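You will see subunit A twice below: alongside subunit B first, and alongside subunit C after that.
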Partner chain A sequence: MLPKANAYGLFRIISNNLPKRFFSSAAVSEIKELELDTPKIVNGRVNPLTHPDYFNVGNLFTVRDLLEARVHFGHKVGSLNDRMKPYLFGSRLDFTIFDLEQTKEHLQRALNVAAHTAMQGGIILFFCRSSINAHTVEKTALECGEFAHTRYWRGGTFTNSKVQFKAVTRLPDLCIFLNTLNNVMLQHTAIRDSAKMNIPTIGVVDSNCSPDLLTYVVPGNDDSPASIELYCKLFKEAILRGKAKRKEFIEELEALEKEQAS
Partner chain B sequence: MASSRLEKIGNIYTRVSGLIRAGALKWEDRPLFYDIYTAFPPLKEHKYKEDPPNIKLRNIFYEEDKERASKDYSNMLAFDMNEKKPVRTDYVFKQHKAFESKPAKEESKLFDLKNLDFNKE
Partner chain C sequence: MLLKSTLKLLNNPVNRLLINRINSFNYGTVTSSINLDFLKRDKTSKAMKAYLERAQQHDEFMKTQNEEFKIGKRHLANMMGEDPVIYEDQEKIDEAISYLMPSALYDKRARPMMKPPEKIFPERKAAEFDETGRAHHFLFYTSKPNFFQLLYDAVEHLNGLNKFEDNMTRQQKSVDPALRLELSGSEWINQDQLELKLVENIQPVEYRYFVNVMNRLIEHPYSFRVKDFIDIYRRPLMNQTIILDIPKPHIDKDGKSFITVYECLRKKARGDVTVRFPGSGKILINGQDVTYFEYDQSREQILFPLIFTEMLDKVDIEANVEGGGPSGQAGAIRWGIAMGLRSFVDADVVEKMRYAGLLQRDYRRRERKKPGQEGARRKFTWKKR
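Presenting the complex of A and B:
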């Protein structure tokens, strides 16, 4: 699926210097048992994956920011997808209202994952099919050096990429859906295709959307430009923080190599 | 690279774990998300088309709603909900709270909205 040399993350290169118990072939079960409460320090460096909030995404936003960006507004009760009920605070005069405490937790987890993916050199692809927000999303992707797809989704872009692009194609390592429906109120086909191609997905799901096949779910309003602008701002900041760390690590590695050579 | 395209069974993590366990995928070739997912799994995992939880949606009502429903407030002007300063309705409900225990005939005077001077407050 992915060309091998590109698929390697940076931290894996660094991890070659770490004791084998972190990433050895027998480590599948060991990794699961890593305790995330206390960051593990090896060779004077914290393993980012053992730190609960390595990129400090916890300080990026507050519940009040979400409220002011109208993230709590859902659709009318009539269009509610029953699977979204656990994320709702209730209904106010027939309009569903999201529980922003839950949204906060889920959004922080999603931002953390985006930052880690960026640090490991992953390609991130933003999606949004709502026409009023498409420009915001494309601009965000440009600003953080990633990619966006806000137009009609041609089937097979992921699943048949080798034929469509006439070459072996590197697929994204993370897909962020700022709106999980396509323009005919069905789930975006790219969500299914990402699941098929083993690409993790982050999706903002509104009260009329289904959380099916999404890896990381962010319950919240996906229609208001104010909300989309907030999500875009947060994801951009998280990705830039991940990239800054990546640059730092690469410089450190290069300095180390120079030292060893001389 | 080996992979499974049966997206409805399990999730991306369980499918890749299965391939690693079966030896179809080498540990070194694991996808980039694998370590991240192991350290930070989703807070809630959704199975494909699972049954919706049996939760009753609660209605959100406030104390002021009784007052809103009992009288015609249509003559009050529209206001910006993002405004942080107290709005006209806040003033009315504050008055209402203060005179809650007073007899009913005083109440009608209290809510004579046409003669209310909002700018005073």
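Presenting the complex of A and C:
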């Protein structure tokens, strides 16, 4: 499905020969900071929610890492979803190429969200229906103490959870889709169900996927094991950073409480 | 102040990185009260509350059931005119119940019973999540965590073996064929057993996944390294020890060894056969020799196991047979002789006899005649008019 070309060579050719964006693009540029009412600094401490990059996810990867992991390869131009046009850099040999500068921004934001969710003690659920990558994803979930669902999706797992699990069940607080398609044609039902249940979603969207129902999109290749391994590594690291921070805070809080009690 | 000025420079990622460095210094040194409200949330989740409520209901129910059981035991003692103390014993209760309410229902579970409530009502499943509602198992949301964990483990083992194989290839070492896994005597546990093992319901398609992945695992040249994992899901094939359990011959007063096979059945014939060793090839059927049977075929039937094992003139045969016709009687004796001969021949000859079908009972019976027909299958001659 993907051209086996030298990644470096390909990028050079594109940047030399196709300087203009191939598709009409209202390019999504900078990710703006949230304007929240909460103060940026509380009692001399940085407020994690207003801080632009509280977990240093910016230093986790570079555009070169993305390139080496073949994140820029999209599908054939013919299967392009119109809503994915703004994230594209152009096309090469009839294959779409993602604009990795944009992907980087989006991925950073997604990692930030994952880390924040982990810090707040949220439940994170990983999805991946591609059988080649399912094991990698499950392993990632296990290693960072979160959850994975890479199997057939039983309808109503979210929307009818009380019946499905035979008890009241806490649903995940964040869903991370490492690919959003069930097969070539159909979108994963869990995306729709997460939207229904008001669960935020992060999704790696390839050029043939729809970004519509996702809260945080990461435009990029969702088929290559190399790309999926990179995403998994990054999300795992971000989540672990969030959890470490949480542990730190809890220890601090306990120390404070002990101090007050004595 | 430092932060405020830096926020403007955020579009540049390099600056952002730098700022983060500075910030981390900043909040590392602060010790005054902190904004950690998000940690102070109500810890018990809805899921846990619901679970605790149900657990409490169950406990109360079991408590009342226990009290009723105690009173019931006293009533039983009254009815039987016995000391209540003896009804602490469950066996005595069962006896009393079957005396007071005799039942001939086939299924024992359908008969009246009086048992401690713990044995009658199923135990409650322990909570699958902690007090914040976070599940213990990382595949909890698949709703079949144990089954998918099994598949995960199998793939994990497979990856480990592949890695090991690569290592060995690099060192130019090959697999020792003596270490290969011997699995011919066993097979994968079936779907029901797998369900019991995993305590989960499994679809046929999921069972096929299981078989496929496990087959891939055992096909690996280094699969002996994960023998422990594989053995959990194997079961031994049909036990042949019953057939191979050959009785030892007895010794009679002349010092000859003999063996008697009872219940030799074929069609309506029934008999017992005694094989004596050493012998001279004498055959005695109901006090006569082989000429007891008129037909050659029946005689051949009897001689066949002896010729097959080359024991024709080494043993004596004595048979008593009744019922049925000549072919049934001959078949019954043939089977008896074959079974008796096992004690006097080698194990591989026994195996050959098994292959030849000599040790197989023939369970076929006469098929009944049907009305409107001449016999079991034969129709009356068709005449146009």
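Worth pointing out:
In this section, the second predicted complex is superposed on the first by the 222 of 262 C-alpha atoms of A that agree within 3 Å, B and C clash if a C-alpha of one lies under 4 Å from a C-alpha of the other, contacts with A are read in each partner's own complex, and residues count from 1 in each chain.
Methods note: a residue touches a chain if its C-beta (ideal position, glycine included) is under 8 Å from a C-beta of that chain, and two chains touch if they have at least 3 such contacts.
Note that the structure is predicted; figures quoted are calculated from it, not measured.
By the document's definition of touching, both partners, subunit B and subunit C, reach A:120.
Of the two partner chains, subunit B is the only one touched by A:97; subunit C is not.
Among subunit B and subunit C, the chain that touches a larger number of residues in subunit A is B.
When both complexes are overlaid on chain A, the residue A:258 reaches neither subunit B nor subunit C. Touch criterion not met for A:64: it reaches neither subunit B nor subunit C. Of the two partner chains, subunit C is the only one that A:142 touches; subunit B does not reach it. Shared-chain residue A:164: touches subunit C; no touch with subunit B. Overlaid on A, the two complexes show subunit B and subunit C touching the same residues of subunit A, namely 120-121. On subunit B, the positions that touch subunit A within their shared complex are 1, 3, 5, 7-8, 11-12, 15-17, 20-21, 27-29, 31-33, 35-40, 42-44, 46, 48-50, 52-53, 55, 57-60, 82.
For subunit A in complex with subunit B, the touching residues are 1-2, 4, 7-9, 11, 23, 25, 27-28, 31-32, 34, 36, 49-50, 68, 77, 80-83, 85-86, 88-92, 96-97, 105-106, 109, 112-113, 116-117, 120-122, 159, 173-174, 192, 195-200, 211-217. Here subunit A touches subunit C in the complex through residues 30, 33, 40-47, 51-53, 56, 58-59, 120-121, 123, 125, 135, 138-139, 141-142, 145-149, 151, 154, 157, 164-165, 167-170, 172, 246, 249-250, 252-253, 256, going by the rule given at the top. Residues 3-4, 7, 10-11, 13, 16-17, 20, 23-24, 26-27, 30, 32-36, 38-40, 45-47, 49-51, 54, 129, 132-135, 138-144, 148, 152, 155-156, 159 of subunit C are the ones touching subunit A in the complex.
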